[in-house]
Amino acid sequence: MVFDPGLLLNAIVSGLLLGGFYALATSGLTIAFGMLDVVNIAHPTFIVLGAFATFALNQATGLDPILCCLILLPVFFLLGRGFYDVYYRFFERRGDAAIQGLAFFFGVMFVVEVSLSLIFGPNHQHVETPYAWTNLGIGPVDLPVRMLIPCAMAAVGIGAVTLFFRTTFIGRAVAAVGQDEGALRLVAIDPLKIKRLAFGLSLLLAALAGGALLVVQPVDPWAGHTFIGRVFAICILGGLASMRGSWMAALLFGVIENVTATYLGPSWSPAVAFGLLLLTLAVRPQGLFAR
Amino acid sequence: MMKFTRRSLLATGSAMVLAAGLGLSAPALAQSGEPIKIGFSMALTGGLASNGKAALAAMQIWEEEINGRGGLIGRPVKLVYYDDQSNGATVPGIVTKLIDVDKVDLLLSGYSTAAIAPAMPIVIQKKMVFLTLLGFNMNSEFKYDRYFSMIPAGSDANRDFSKGFLEVAATMDPKPKSIAVVNLDAEFPKRASDGLKDNLKKYDLKVVYDQSYPPTTVDFLPIIRAVAAAKPDLVYFVSYPVDSAGLIRAIREVGLKAMMVGGGMVGPQIGSFKTMMGPAMNNMVIWDTYVPEKTLNFPGIQELLAKYQPRSQGLDPLGFYVPPLAYANMQILEQAVTKVGKIDQGALAEYMHANTFSTVLGDVKFDKMGEWSQERLLLVQYQNINGNGLEQFKQPGTQAILYPPQYKSGNLVYPFEAKR
Amino acid sequence: MRFYLGAVGVTALVFLAFHLAGIEYLWFTAYVVVQYVVLATAWNILGGYAGYVNFGSAAFFAVGTYAAVALHKMGIGNLWLMMAAGGVTAGLLGLAMGYLTLRLRGAYFSIATLSLAVLLQTIITNWSYLGGSRGVYVIRPSEVAVFTSFVEYLFAVMLLLALAAICIARYIEKSRLGYGLAAIRDDELAAEASGVPTLRLKLIATTVSGGLMGMAGAPMPYYSTFIEPASAFGLNYAVNAMAMPLVGGLKTWVGPLVGALMMGTAQQIATVTISSAVNLLLVGLLLIGFLMLAPQGIVGLIKGRAKR
Amino acid sequence: MSDIQLAVAGLQKRFGGFTALGGIDFQARRGERIGIIGPNGSGKSTFVNCLAGALRHDGGTIRFNGEDIGGLPAHGRAWRGLARTFQLPRPFTSLSVRENIFVPLVNLGHRPGQAVVPDAELKDRADQALMRVGLAAKADELPKSLTQVELRKLELAKAIATGPDLLISDEAMAGLSHSEVDEILDLLFDINRGGTTVIMIEHIIRAVTRFSERLLVLVAGEKIADGEPQGVLALAEVEKAYLGQ
């Protein structure tokens, strides 16, 4: 293949855009898995649930899917809080979190998928938007709105959550809860309350990612499977508990996938991306971007 | 000793539960006027469920019709089917259950190769007639003389699949010189793309891009970009619905230019896909099995669609793709059994090899491998699509048939240019 | 010794019962259930005994399957050789995975196994000698000596493998190795301090577990006739291999056996009865319910009852 | 063989840019009772972990019974007769108290000059160890039903079941009551009488001074004193760095 600078540039730019979506998809997991140590294997399925909820609201009201998604955020926040209560009561408190908790989320994933296919049928669902087909290309570089919107949603969503973690007292407590529960008790904060809030945020971000997913591609109940490996890989590459780290890892992951797809052939992009993860785990298990 | 006893209890107990649960203890019904049982596995959950359910709907329409007409050779008909969960590994169990336990009289396949292949050794061993649905070039491996294939691809499906595309491409002026091939990493797409490359020897075409992509691909922009950079005259895709959608979006977003674009995409045949993509499919050239063009007005097809569409809730709203194929299988079965006059697998197979059947997809004749003796895949160009409405696709004109010549209903519009 | 004789006896009885039933369908379904007994038992050697959760069971299974396919391509159709090849290849893979991930614990290890599965699937998908993404047909012989049909033979072989797997699991559990693995599961650092050579034990566990999974995968080409990467690496294997021991109980060899027999049988029955999405939903809810209300699995539940 | 059992020379350990141990020299004679004290963060635990192999040191040598054990993993050091207890008890929670003792016992066969413990003797050997620490009555219980002090005793029983040459006890008494501290101390004296060298890391000065023949003081990763307990405690810098806190 002849070297074409436009091709490389596009591979990188599209990879960054894709990475933006991955960052949003991973952000909730960074909270659940990285900070709370909850191995929520069902996270991508919650994203799909968010997409279907957005789809249903859009069909019912005719509102723009992104607006629908925003309306749904509080619902998912509450759902997350309730969910954590169940998880805490039946698994974490009993000390069975590791293996049983994992299987629990597997079960949840299964139930959510089957329920969605019962309600919506096995078909793909999608939402028509006026901007879906627009490309704000600059010169030879493609900037499809379909990929830009998730990126922007990622920036706003992750930015807001990061700001919350950095600037508010409760937010700092969330960031600390994974590292030292005892310290929180000392300052008279109930760790359970904090964890519940954090898991609520995790599902809120999942719903936001769901809205974005619906813009990116048609969604079926099993669409989450595509992302399980990716989001966990990105979370670990990013050093687990770091929002900034998972951002950077997501961008790197997107760029690697798309550059590989462009030059080596798309067939090899998962192998290259996951090979990188395996290598990272073997050599630097604390993640590429851990501080 | 304690453990040993518990263990043996457990084993025997579970064997009994298994036997009871699988319905082995129920004595077989034997009454006069006993229904003719037609058995099959079908994908009712999992990835292939939308097509599997559409197929089932068409088969049930036939079941109602035939029982309304007083049954088959005087006996009522009953469909016996189990969900294979879109998973081939469940098929051997289901097929043996159908044959051994349910004692079905006639056997059909589930949807597509993955559901057919695992059934083959069993079917061969039991010497059953086997009508299959969308199995791609299956019998070349088994060479079973009671296999009959419902896919209008002809005896050399791998190659025949892309024949129309290349034939039509060759009619353009100037003649195309290069081709890009993109396929999904899966059984059918890989075979179809290999078949295309075999065909190329006949044409003076250079392959300038040839890549496959994994089913987990999210972003198709890099693929289309790389295709565009190779500047091919023809672009041939073999893909499944989600990735077909992703590819078509990317084609528009990149603004891909070529003389002819399309090929072996799966998805555009389905109504919900047509409304999802709408005008984005304009001028794409894609294979098909049935479209409502005047040249394809086979007897019964309109009636079938009229019955199917009202019950398509949650399924393909048009039903052009799988339902006619599934229904045609039933028609063939009906005609063969009626003419032979009894359920005799050998006689049925012999009759089916020897005769031509009239179906909603036109006349079907099988060759000695059980494939259609006359390859009849359509090549369709999407034209004049406005907006995302469903009704326009029920009318002639939006899906012009370019190939085969006997059904031609429109002219090729080229070159292909995707508006950004 | 009495246990092993008993186990052989029970296996022979089970085979005899199914042989006398003489229904091919039973062999087909029982094969699947017994195959899951092997997978669950193998998973449990690493996951239940040593506490290392393997998400990549499907990869070991598929490596066994494809080792058999490779042999078949080379013209070797002997089932025992295929199983040996599958076992050795998957065992070596387990050993390699053990080395690669020796520093990883908890979820890190699990994600690493998941990545390994993705990597291997990509390689197989692009390996045209083994059929690549277009898949490969392996037509089973129609007859075999002694047995009524080849499927009964497959069933018998899988039954023997299950017997072997359970004996190995029980041997490990009751042996000194078992105490070492339990110590690793509970506290790896404390295990080291008590003189447990943790790395060596983990490597033994990954190798034995992987090898058994590979052997379980090796007869698959003959069972299903058509093998392609997407189904060979199917999520089903990974989920069931893990869920079955969890439902049964993790700490003893009985757990995976009970879990696999129960869930495997339930799945087989669900396939041919009121099969629908609702049915799958019930299976999923049942799994969740079990995990919430019987965290030590069925075995734990029964033991708890017995104590009370 | 010389009288020196453990010889540490120039032991260094860094975490990133932070120097946890700045080159410690230290020797222990066979059968000695040694106490190590130091303020929080002085490197006591790091020192123990480097000796026992839970951490890899960055410089210096560790010789045990004349052999360089610096390159050995933790279990390799255990096999050579170096036992330790953890600051916070780390029982094997899914095993019964007796089975907890099986774990070190079944690995005893790896120790040079030691025979494999036959299956038939395992139970007796484990029960002996439990008897010594006074846990015999709890042998069939799970660790989660034990009290704090019983968990400490279980730690000790695990460590001494194999008859180690050297026992490093890492703050085995923190958080215990006055009488419980005495119980543990009596145990350690008993172990020492059996010929085992004991190195005790402790915060409780009363316990250390009662137990130790020799006292070592670590401050900020450096050894600032080493000698007879009363004399060491009287040193001005020890008082300043440690007691004056």
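Think of it as A, B, C and D in the order they're written, each chain with its own count starting at 1.
Note that in this section contacts are C-beta pairs under 8 Å (C-beta built on N, C-alpha and C of every residue); 3 or more make two chains touch, one makes a residue touch a chain.
None of the values given here were measured: they were computed from a predicted structure.
Visitor: What does the chain connectivity look like after leaving out subunit C?
Guide: When subunit C drops out of the picture, the chain contacts leave these groups behind: A, B | D.
Visitor: What chains touch subunit B and also subunit C?
Guide: Correct list: A.
Visitor: More C-beta contacts across C-D or across A-B?
Guide: A-B
Visitor: Of all the other chains, whose mean CA position lies farthest from subunit B?
Guide: D
Visitor: Closest chain to the protein's overall Cα mean, using per-chain Cα means, please.
Guide: C
Visitor: If you average the CA atoms of subunit C and of subunit D, how far apart do the two points sit, in angstrom?
Guide: Distance between chain centres: 42 Å.
Visitor: Determine the centre-to-centre distance between subunit A and subunit B, using the mean Cα coordinates as centres, and give it in whole Å.
Guide: Spacing between the chain centres: roughly 35 Å.
Visitor: Measuring centre to centre with CA averages, how many angstrom lie between subunit B and subunit D?
Guide: 72
Visitor: List the centre-to-centre spacing of subunit A and subunit D in whole Å, with centres computed as mean CA coordinates.
Guide: Those two chain centres are 46 Å apart.
Visitor: Could you check subunit B for residues that touch two or more other chains and list them?
Guide: Residues 45, 185, 212, 214-215 of subunit B each touch two or more of the other chains.
Visitor: Any chance you could list the residues of subunit A touching two or more other chains?
Guide: Subunit A, residues with two or more chain partners: 114, 117, 229, 267, 270.
Visitor: Draw the chains as points, connect those that touch, then say whether the picture is a line, ring, star, complete or other.
Guide: Chain contacts: none of line, ring, star or complete; other.
Visitor: Dump the list of chain pairs that touch, please.
Guide: A-B, A-C, B-C, C-D
Visitor: Where on subunit A does subunit C make contact in their complex?
Guide: 33, 39, 86, 90-91, 94, 96, 98-100, 102-104, 106-108, 110-111, 114-115, 117-118, 225, 228-229, 232-233, 236, 267-268, 270-271, 274-275, 277-278, 281-282, 285
Visitor: Can you name the residues of subunit C that touch subunit A in the complex?
Guide: Where subunit C meets subunit A, its residues are 47, 51, 53, 100-101, 103-104, 106-108, 110-112, 114-116, 118-119, 122-123, 125-126, 235, 239, 242-243, 246, 250, 277-278, 280-281, 283-285, 287-288, 291-292, 295.
Visitor: Looking at the complex, which residues from subunit B come into contact with subunit A?
Guide: 45-47, 49-50, 53, 185, 211-219, 221-223, 225-226, 229-230, 241-242, 245-246, 249, 252-255, 272, 276, 280, 313-315, 388, 420
Visitor: What part of subunit C is in contact with subunit B in the complex they form?
Guide: Residues 2-3, 6-7, 9-10, 13-14, 17-18, 21, 23-26, 28-30, 32-33, 122, 125-126, 132-135, 137, 139-140, 142, 149, 151, 223-226, 228-231, 234, 236, 254, 257-258, 261-262, 265, 268-269, 271-273, 275-277, 280 of subunit C touch subunit B in their complex.
Visitor: Given the complex with subunit C, which residues does subunit B contribute to the contact?
Guide: 1, 3-4, 7-8, 10-12, 14-15, 17-19, 21-24, 44-45, 82-85, 87-94, 96-97, 99-101, 113-114, 117-118, 120-122, 124-125, 141-142, 184-187, 189-191, 194, 212, 214-215
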